[in-house]
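Shared between the two complexes below is chain A, which pairs with chain B and chain C, respectively.
And now, the complex of A and B:
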């Protein structure tokens, strides 16, 4: 190992300030990781129990008309992903439960944050969010005096006169700081990763958690290099510290909020009331299966009568009301899909704004990277919402089909029982995505983290060499 | 004393850092002002659109429906009339995550549901990160700016050894210390108070709440100056002082509120949305039986009323339906009341646990002044539940008694009603007292740090 790197590393690692900051951070992040994993396990159990109750309720509803059963409804609970305890991503902002019934598509409600007390301006703490917020501060504690304090003490000149090249000296200082950072955060990250894999061991989890650790390491590398670069560009350690802290406040506190506000303003979502109004207007323009005056219902009636060669719906061997319900359902599904897809597209556009903003705020890139790998990002929530709707349509279609085939038109006394309830489909959560597609989703964040690491490293080296050149020339 | 104050102010005014600090915070406050104004305009626009839609829906419900099973009273009762949370003049001050709550809830006849007050169509990014608002600038960034600008208070004197000289030679050390801090306050805090005052004036007419907010900002700034002074008086160097002050900021602004929240949610268990849904569903199923019993007893009490049967009367479904609804609403309401009480206890525990953090206290004061504190929102939810109950009662009474249909019945057609959730200034008193107490404690600790031998 380069002796300058070793010296810098040992010097920094022995520093009481650095060790205090690193110790506090390790404790805080490990507590958050443990709390996150315990919460995740509790959520898994509660949702399994809730799903069992929903199934039991559905099967035990007694004998009733299938359309009555479709209004009786059932419940779908959002599945909990294995790494959501460490990187909850957008899980806090999306709902966890939805009642599935005929005619109506509703988004998942019951955000986890609603049953928790307010915890200050930075949201519910998780291992990744704390790393995002606190790692830069550790990097600043490590790197702010790399050049500035030694320069003040005249040590740089002494080393330079010992015929050490400027590049070697600057690189030694940078890599020494990076090694110290790695030594500080390595055990913490590996500990948290080990815990997460131990809770739900699988190859996908292992790869994903290693990917998240790699992302956090790149983030830490970038901030350490930035801190060293600022140290190389300033005369005094205190100035370096204040400037680096200012940069941290700008990129970690302000930029994400400005980006989120800008994304929401640039691509506004419809509020609840206007969304419901728009859906209602479009539904009213079509048939809902209950309105006998609907023109399209008349067309359907004519088609069915012609198909069966009878003159009245009462003469049909099937229940026309069931067909009308299903046709109404298909129409409503189209209306809902149109409006919900538009909302999801708005969110996707907002996400693209956030991706662009992450170039200025690497914390956002880390969120994007970790959220995609933990399957707690926007794409995952959209996939879940769409799978719930696909299930709803299949489920209602099965009940309407039973009504059509099991009874005749006008027979509202027809009753189905548990035999039918047991055969209609149950909700199956979408399978975890393949590693390849997760990496592709996380790509935007990964590229920014890599870019920051390379640019910040180059900047630290460049400014370090320049600083040493100036000192050497004096 | 005056010459010390003047010296501090003039010395700071000669630095570029002060002008940069003022420019940065001036800019941030202007951005926060515009952000708050845009939010308020958006809320008003949404309410106006909702009111317009209500009038149209009420007009449509006034026409007698054609379907034989349709009950006009029920159609009228299902019109989405809204109850709106009144917005105070300081509402745009704290809009951080307020978007997750609906400030305008539909007063239909459904039984209460935990998702009633939850806004669904909301940017998850905004919700996750929080909206930029004046509270963020004042509570989080302002102390960070003060740490940057005042961490070196007395460090230079200590390093040079002149601090001891001043303590010995100054006519009154106490007055000198007070004058120094006052000088810094005038240069660093007073301009921020003035800009905040200008922002509030831009939003609307000045109120007592605004004066209280300005006072709170002034005290909060003073508190952070005192903390910086305490750290600076013991610091061996400016870098050490800056590191320590930053660590205190992280602890008090980020870690303590988060730890208090985690502790409160661990100590006071509140059912999650999933658990709650299961519990409410069990109660709803039980309510069906209760509703039928309710129907029987009601009919026994009123022998003059015909027993509703679907075969004879296509509208007969409405009476048992409404009574089941009543029973279901009563049971679900009881569960949700318990939930609200648990949430209130959780909030109290979190408040106690974070009492050591001036940032948490200031956030609570600002949110209360803005009318977006959790207590007020809980009161609003309670008021909505009560209004819905009254509407349901009115509807049940009209349907069961078979009253002639009146499309202008005020009990069911009063639209866009403002819910009176009165909040006097007294609700901010505990927060303000705590803030002053924290200021006194910080002053006592700093005083000790300054006077104790190094």
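And now, the complex of A and C:
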């Protein structure tokens, strides 16, 4: 190892301030990681129990008309991803449960109490969000004096006179600070990653948690380089500290808030009332399986009568009401898909705004990266919501088919046997995405983190070399 | 009483430290160093006296290449500091007024690090001997320098400078803040080292009495110019003080 790098590293590592900040951060992040993993395990058990209860409730509903059962409904619970304990992403924003019922598509609902503002002003911070917030402070503690305080103490003059190349010296200082950062956060990150993999061991989880650790490391590298660059550009360590802290407050506290507000203003979500009204208007414009006077239903009726060669629906060997329900369901599904897709597209547009803002606030890039790899981001929730809707349509179609085949038109007294409920499909959660597609989703965040790391590193090196240059007179 | 700069002690030898019309002018026209002529051969300790702001520290920084002159030349062992800064610095060690050391390292570790930086790596045992040579025992040498007194730091600074085996040594007010015993010890060590290594030494100082007893020649600076230069040997302390006060007094008048 370059002796300058080693020396700068040891110098920082021996600093009481650095060790104090690193120790506090390690304790806080490890507590958050443990709490997150315990919560995640609790949620897994809770949702398994809730799913079992929903299944029992469904199977135990007794003999019933299949369409009545479709209104009796069931519940689908969002699967808890293995790494959501460390990087919960949007989990708490989207809720945990979907009610599945005929004619109605409902969004995920039921946010856990822990995320409610009444619990605390910051909710329940995750390990990743704490890293996002606290790592820059550790980087500032490590880097703010690298050039500024050494110059103030005369150390830069001492090393300048030792005939060392400026590039070698600046690089040694930068890498020494980076190595100290790695020594401070490495054990903490690997510890948290080890815990997460131990909870649910799998290759995908291992690769994803290593990806998250890599993202956090790049974030830490970028902030350390920024801190060193500011130190190289300022005369005094106190100025460097103030400037770096100001940058932290701007990019970590203010910028994400402004970005979110700007995203919401540029791509506003429909409010619930207007959303429901628009859906209702479009539903009313199409076929209603319950409305026997509907003109489009009359066309379907004529087609079916012609197909079976009978004059009246009462003469059909099947229950036309079931066909009508299914036709209405298909129309409703199209309406819901149109409106829900529009809402998801708005969220995706907001996410693109946040991606652009992450160029100025790398913490947003870390959120994007970690959320994608932990499968707690927007794309994951959209995929889940769409798979729940696909299940709902399959489930309603099965019940309508039971009504069509099990009874005759107008026979609303028909009761299906309880055995039917076990033959209706159950929800199967979408399999965790492949590593390749996760990486592709995380790409935007990864590119920004990489860009910050390269630019900040180059800036630190360039400004460091300039700081070590000979100052001239007139 | 202007000294004979053309024939300092060590006459006939090429100067190791050489300033020729050395000038540093700041934006606004103020000259920190103004046409300085100085020639210090091997084995000579040249004491640079002058009031605060006279240009002593700037002169040292110009000779070290930490500042670039606006005109004139500075040579160290024949190497032009502006044109070949690395080669010139390789022959030039420096002890500042406040020796800057890494606070989280011991004196021993600081010595070894700075020696390694200068491509003069030194073993643990040799470093302990080097520090002992400047009056710092092994126990103290192993303590972190944040606990060091100023005198102890000066000793480490001198040890670092000596470890580089250079031909020139620049000292910027090394006695400032030292108690009389520490200042005496420092000067004794310096004299012994110069005798042993035959280095060319430029020492900026405010201590007229130590300058007289330690230096071969003494120069007095005022407003960036070397006004007086005299041999220290045979000069009574009162005479040097009188000369100094007269020179500085002329500046204040």
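Odds and ends about this structure:
One rule holds for everything that comes next: the second predicted complex is superposed on the first by the 458 of 474 C-alpha atoms of A that agree within 3 Å, B and C clash if a C-alpha of one lies under 4 Å from a C-alpha of the other, contacts with A are read in each partner's own complex, and residues count from 1 in each chain.
As a working rule, contacts are C-beta pairs under 8 Å (C-beta built on N, C-alpha and C of every residue); 3 or more make two chains touch, one makes a residue touch a chain.
Bear in mind that the values here come from a model prediction, so they are computed numbers and not experimental data.
Which of chain B and chain C touches more residues of chain A is settled by the count: it is B. After overlaying the two complexes on the shared chain, residue contacts for A:164 are found with chain C alone; chain B is out of touch.
Look at A:15: by the touch rule set out above, it reaches chain C but stays clear of chain B.
Residue contacts after overlaying the shared chain place A:196 against neither chain B nor chain C.
Shared-chain residue A:184: touches no atom of chain B or chain C. Of the two partner chains, neither chain B nor chain C is touched by A:424. By the touch criterion defined above, A:4 reaches chain C but does not reach chain B. For chain C in complex with chain A, the residues that touch the partner chain are 24-27, 29, 32, 61, 64-70, 85-86, 89-90, 92-94, 96, 98-102, 104-105, 113-114, 116-119, 160, 164. Listing the residues of chain B that touch chain A in their complex gives 28, 31, 35, 38, 46, 49-50, 53, 66-67, 80, 82, 96-97, 100, 102, 104, 106, 114-115, 118-132, 135-136, 139-141, 144, 147-148, 151-152, 237-243, 246-247, 250, 253-255, 257-258, 260-262, 264-265, 270-278, 281, 285, 343, 346-347, 349-350, 354, 359-360, 363, 374. Those residues of chain A that touch chain C in the shared complex are 3-4, 7, 10-11, 14-15, 150, 153-155, 157-164, 470-474. For chain A in complex with chain B, the touching residues are 17, 21, 28, 35, 43, 46-47, 49-50, 53-54, 57, 75, 77, 90, 92-97, 99, 107, 109-125, 133-134, 137, 141, 144-145, 149, 236-238, 241-242, 245-246, 249, 253-254, 256-261, 263-265, 269-277, 292-293, 343, 347, 350-351, 354, 378, 381.
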